[in-house]
Each structure stands twice: as structure tokens, then as C-alpha cells.
């Protein structure tokens, strides 16, 4: 009763692991895959990249600020790691890079992926993050290239740090994206008042978690109103009620990251709670976008 | 995150010190903190008592920490992680090198509650030994024979003692040593009694990023660092 | 020990009431003025405007989502109301409008104001809010016009819902702004999963309160690095530690809105706490920007 | 905000009903809720019991509410606001029109705890009266003389009773009536004994927006709606 089909990918439920959370190793992905509808890996680039020095994560009570950075072992090494993925659910590989060619080339390393997600939106990575994702022309071009490189579905992950997320979403749609994922983290930072220095080694990072839920929801709402392709909602989802809220706003599926801070049994618990919900209501796929008009 | 001040620095050897804070944490032996010396990396360190860490210089941050001065500020997250369980009979503690750090805390904790502890403590040379005279019931091994038993701590274990006589066994040290201990205890069908304190490269320290995942998908920062032998797939 | 001078305005402390909170009547402004460094009124426009229908405010745990809208009695009526302000502290009148001329004209109604704040940034008011504040050319022109209309200091209040808040801040600076205020609320919304409808009558609104603190802090940090004029920090400030954090990031003064949900004695408590802080440290004005480089 | 369902709707007159919910709130007499009938405005309404509001149609939303059906969903914020204080002797309740709503709750609350209550209840015509027969000790006034005392409730108060005999006096009704009562009690030096339940146009209902500010800067939604006579500056 929870099953959905997202751009041809059959998922047992609409709950996906968000990129960058527990997604660097097959061992943790396998574990999450036992209950998730799909898992998205940590974003991978062409070459090995260090990411930022510790500390890279702050819990500020209402959410997190992270500057893990686009740390990556490089596509070749990562594809070896992912060969140990046992396939408990569909596997989506998240890609980043600084040019259309560079990103499109990455897909060839992951023939076993069920889909690709393009990370257009990391707020704290120079050149490969937001700089790429706030330019509609570049976004369209990247998506076009990536689509040409693979027959698998391609999702574009959008940033809220823009004048108008719908404009970027439309550019991705025109480029041929099969769906958009919204949102990545929001630029933020924290200062330690005793040492009088920024807490994160990188000074600033991206805000995630419950704090950003209303902001993410509004992005999903707007994208649903203006695009034809599916919207995947992400940002602050923690309880089954949040899942329902995002689906009512128009999300065909949702991704969950920060809430794994609370429990690794999250997907199991959410799945059980959603089952209870659909028993009293209609199947989940029927509520998508119902809060509109 | 919050800040503490360094109260005291005790030098054990040229590369190892115990840093004592001006506050004592509600904590249990085996738990660790993410410690941030401003301007350096944030690193995980086991508590060696409720108000101290014992650290060995192996790289940039630990180097800086070994040279820290009383009065300096440190950022702390934690204490966190799953602690050692409490034995209900005599405990055997097996330490390799700086692996002694959390076991100091465990030792004092058990003794303070009237329990009995035996320690096997292996190092490469006698210069590495940390304060070992404070422990009553301890046997030492050195790789080069400069003190105590000549050989590694596993050989010491084999000649010295019958591990099945202990109610619980706690191991901390380099992974290579832990894996050998794992094999030994597995062979002797004692794994269920044994707890291993593991180390992994940690980024977030909060169970979110996944960089500390074990081969079986367990997270060292949030589900460890202490694991029972039967939880490991080595 | 807490006193500051902000563009020539002497304030007994750097704590200002944010626009739109308890700022529609002289009676409540008088009360807040007993302890605040300065008060900013609710934004006022040329004509009477209704604002949105109730419900206009949600408390979602980590903060608020509001769509009060730019409800306004109109400049003439509001200026009469403000004549009852007893002058317990400097009074800053917040202005909105849809054209440079319209906004500049408003200053003439408030000869008794100590300064003006231009609201360039309401995320949920059509035509007079964000639409105005995300266009650097228009922002510059508005500020230029308003500056010409008055000899009082003029602050430009910026929105975080833009690609690059620094670009807008620079435009305001070039227009002659005496300072910038960052940030206004962030677009957001909430859906009631039982009735399956958006909770706010206006569908979406602006997120404020503790949730947005790291986001606001990052904006203040960036503006401080790139502008010469003073930055006034606002967004999620609730405790004295937040005040210190914003000042370390570069704020010369701070504004506080949502936290009045917790107490109307807020400015009194913050003032007392900050006094305790400065007794052990340097005067507040000396810590401005200290977390930088 | 959370949702409740309408359990029951009792019609008192052509424009006044009591809407009962399927849940009972932990609350005190004098507190109110922000009630949102989906598709309409959110409006403040006093509780007339722990599980009901009593509402008179005066505009769009109240009109819709008077015609609501059992089973429909309502959004509720609250209960909130400062309640009436509890008397330690006989209480006098003075209601004008729909101002009876919170006083019904207060009456039942005091009686339920063994206290004594007298009610003076003024309306324009007898058709406006809500369920007045349920009260034991009540006097009524009508502006047109269609029932009870002919005149307004203040005239009734003057002829009927000596207000200084009561331990506490509670007033709710149109502001014009409240202001007259205020003057009367001020003259008689009784203000300290008197509590007024006020109404103001409310937007946020959470003490943030300031649209419900009184002349003295107090907020009706968060610091009222009940104020002691000496707190007002009328």
C-alpha cells in the first residue's frame, strides 16, 4: 500500500535515504536498504577530494549545520565500494562536478545504478556546488549531457539558495531531467562565543534538519505547481506526518537525511506508521499534491 | 558543543600526555569526546577519567594537543558513544599502546566500586608505558623485551592467564592486535564475554555522515566505540 | 557599557525591536522602549492595506511561519498613532512600497522618526516585498530616493531569498544607505495533514525564529566582509549568547522579533545578561566582527 | 495547531449556538481558543466549557460557524490566555449579550467546587437570551423590557444589589458596557475586586504581532483576555 513507481523505478515505499547521510559505504547502505524505498549514495566526483577538516557538523538544536564538503574517494574507487551493495532496494548514485562533460562522464562508472542524482547545490563547495546550480543555462546543459550519457533516470537536486527555485527546476526539466529533488541545505554558520571563532573549520556550511522543513515544503509546493516532472521532497522530514505533509504538497517521494541522528530504525518506524495511516486513508500515491487548489 | 579549559597537563613520555579539564563529565568508561583545539582538527578521544583524555602524538592535531598549556580553551562535543558494560566478577583488561586510555577509566571505575581487575598491557618499548605503576594487578609485555614479558600482549595472554576465568574481557589497542585477539577468543568460544573498543576515522561524530561505518554497517561513533565480540564480523 | 552609536543614533544598548512585532501601536512600542536600545515600527505604506486573513502565524516548534502581510493603516493614520510614542528610546519607522517615489514620499509623514528602515524583503507580499528587494538596480534607486527625501539615517532591510545577499547589500550601499539590516524572513509554509490544506490563509509565509539563526548569521558575516556600512543583525536571536554571536559575526546592533513570544521582559533580561558579560569582558562595541580572520 | 471534530451543535436562537468538540481541553474559565474553520478566518472564541464555544453570528466566520454540522473538522490553537481568578466567597457575574459565553464556564466551575454565584445578564431583547434557565441565581435585564428588568445591566446592578458584598466581580460584554461598569466600580472604589474579559481584534493570537495591544501596552491575547480593574487605564 506504500509502493510507488518513480520514473519507472519500483519502490516499496516513497522513503529514500538522502545523499551524504550514511552513504559512503556499501555496509551502511545495505543496512538502510532493508527498509528504505531507495538509497542515494554520498555524492561522488571524478577525482579524490578531501572535503573539509573537522569539525564538519554542528547540532544547533533546531537542526544541523554541516560542512562535510564534497569529500569523495573518486568515481573509480567508489564504484568498487558500491559493488558490495546487496541490492535491498534501488540504488541511486549522486554525482557532482564542475562541467557538463565532467559530470556526464561519471555515469559510466556505475552501470549497476538504478538512477542518478545530480548534486547541483552544495552550498559550501567552491566551484562544484551552488556556483553550478544557480545558473539556469548551465543546469540545463548539465542535465542534457548527463541524460545523453545514460539510459537510467536522472534527477536534478536543487538548492534553495537562489532567487527562484522554480526557474532552476524548469531549466532542469528542459534539459530532460526525469525528476527534481528539493532541497539541498541552506547556507548557514555558527560562532563559538568563547573562542570567538566560527565553529566549522570551513567557517560556513549548510543547514538541514527540522528547522528547514517549512522552507523545503514551500519549494516542493512551488515546483509541483510549475513543473510536469516528479518532485522528490527533502528537508527536515523526521516523522510520518512530515512525509504526509510533503506528499500533500506534491512530492512523489521523499528523502530523509538528518533525522537519522535520532535513529537508524527510522525507515522501519516510518514505514510502519505510514502503513497505519494508509489503512485509515487512501494509498499514499493518491494523496500526492492533494493540498493544492 | 561547549568549551572547557585545560587545568593540567601530565607528561608521560615524549609523545604522550594526559590533559585534565576544569570540568568533570557525567560519563562512563569507554565513552569518548570529539575534542576541538581551536585552529586544528576536531578529533575523537576516549575519556581516561571523567575529566581527562590521554593522548599520543601521531599527527598534526595530537601533536598540538600534547603541547597544550594549562588555561587554554578546548571545544568539546560529548561525552558520547556506548560505554563498556560493567562486569559482575573479575575483569580482564587487555591494552595495546595508547589503547590503555579508556581502560584506565574502566580500571578506576571498577576498583572504585569494589570490583577486581587484572590488566595485560603491551607496548613496543618500555618508554611507551604510561603510568603503569598506579595499577596493582598488572602484567606488561614489550616487543623488544625492555620491560616485563618479551613479546606481544597476545603471547602474554596465552602464557599468563586462563581467560575463561574472567567474567568479562575488555580490549583496546591497534586494530591488528584487536583482530588477533578476536580470532583467539573466537577459537576459544569466549567472544560473548569480550568487548572491543574500536577506532575509525570520524567526521561528524554524531552518527550522521557514515564515515565510521564498520564492515557490518554499524557506526562506531553512535553505536560503538565499544562492541561485543559477537557483534563483529571479522 | 552596552551603549553604542549607530550612524549617529545614540542607543543605550544594541538591542532593537524588529519590525512587525508589537510595533503597530504606540502603547506597545512605549512599553518595549523602556529597555530596548531602539524600536522599529511595523512597516507602513502609502495607503491602507488589509494584510492577509487569519490564520497568519504558525509556531512550528523550531520557529514561526507568518503571513501577516504588509497590513498597514496607511502613512497618515500611522503617523498620528506614532505621535503617542513617548520617546523612551530612538524610534525607527519601517517603510514599504512598490516604487522609489512612493517609498521616498512616506518619510515626510514621520518628521519625528530618528531613522527609517526600508523593508525590501517581505517574502509573502506581492509587488511590494521581495519582488522589490531582489533587483539590485531597483534597490539602489529606492535607497537613493529615500536618502534624498530625508536627513535621517536610512537602513535597507534585506531578504535571504536571493542568489547573493551581498550583491543586494552593495546596491543599497551604493544608493547611500547608512546601514543594512539582515535578514527578513525566509519563504516557507506548512500543511495541516488532517484538513489537507495549507495552514496559513495566504498558503505561504515567512520563517522566523530560532530555526533561522545560522542562516541569518551567515548573511551578517558575508555582509560584514563585503560592505563598509554597518550591518544590523536579525533572525532567531533569543538569548544573550545569540546577541554576542551576531556581534562577533559583525553586527553593530541586533533586532529581535519572534523571541517576544517567550517574554515581554526580553530586552530587560538580555540587557542584564549582557551587562554581566561585559563586566567579565570588554565593552560590547569592541567585539564587533571579532570572529573574522 | 491541531484539529478537533464537532460533536454537537446546540441552537440557542437564530444567530447563536454552542459548538461542542469531541475533545475536552485542560483549561480554565476565561481562556480562549483561536478557532479555524477551514476556508474561513481564524477567530478568537472564549471557551464556554472545557469542550465548547458559544458563538454569535456577527460576520462571515461566525456566520459559518453557527451553521456548522457535527462531524466537521476545526483547527484549534490553545486554550490560551489568562483565566479568571477563583473567588473565595460569593461571586457576581455581569454579562452583556454574547459576553455570557466565558461566564457560563466560570459559573459552572465555581458551582462545581461548591461556591456561590449570582448572575446579572443583560440583553437587548429576550430573544437573545441563551439558556438562562440553567442558572439558579440569575437576574435578567432587557433594553426593551421584553423580559426581566427593563433597562440595561448597569441600571439593574444599581437597583438589585450591593456589589461590595461580593468577594469578586466578573464582567464580560460589549466594550461600551465594560467601560461604564469600570467607571461605576471606580467611583465605588471596588476596581480591585473586578475582573474584565476584554476583546480586541486579534491576528496572531500568540503575543507576537501586537494587533491586540491595549492603551497601556498590555496584549489581550497573551496577557489577557482577563484583566483586573486596576490594570486598566480607562
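In this document, chain identifiers A, B, C and D correspond to the written order of the chains, with residue numbering beginning at 1 in each.
Methods note: a contact is a pair of C-beta atoms (placed from the backbone, for glycine too) under 8 Å apart; a residue touches a chain by one contact, two chains touch by 3 or more.
Computed from a predicted structure; not experimentally measured.
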item	value
Both-way neighbours, i.e. chains that touch chain D and touch chain B	none
Cα-centroid distance, chain A relative to chain B, in whole angstrom	37
Distance from chain C to chain A - Cα centre to Cα centre, in angstrom	33
Whole-Å separation of chain centres (CA-atom averages), chain A against chain D	52
Shared interface positions of chain C, touching two or more other chains	58, 197
Touch-based graph of the chains, sorted into line, ring, star, complete or other	line
Listing of all chain pairs that touch each other, if any do	A-B, A-C, C-D
Contact footprint of chain A on chain B as seen in their complex	1, 3, 34, 36, 38-39, 41-43, 73, 75, 77, 202-211, 213-217, 219, 223
Chain A residues within the chain C interface of the complex	58, 60-63, 65, 134, 161-163, 186-191, 193, 196-198, 203-204, 207, 210-215, 217-218, 221, 241, 244-245, 248-249, 287, 290-291
Of chain A, residues touching chain B in the complex	20-25, 27-28, 30-31, 42, 51, 53-59, 64, 66, 68, 71, 192, 194-195, 197, 199, 201, 257-258, 260-261, 264
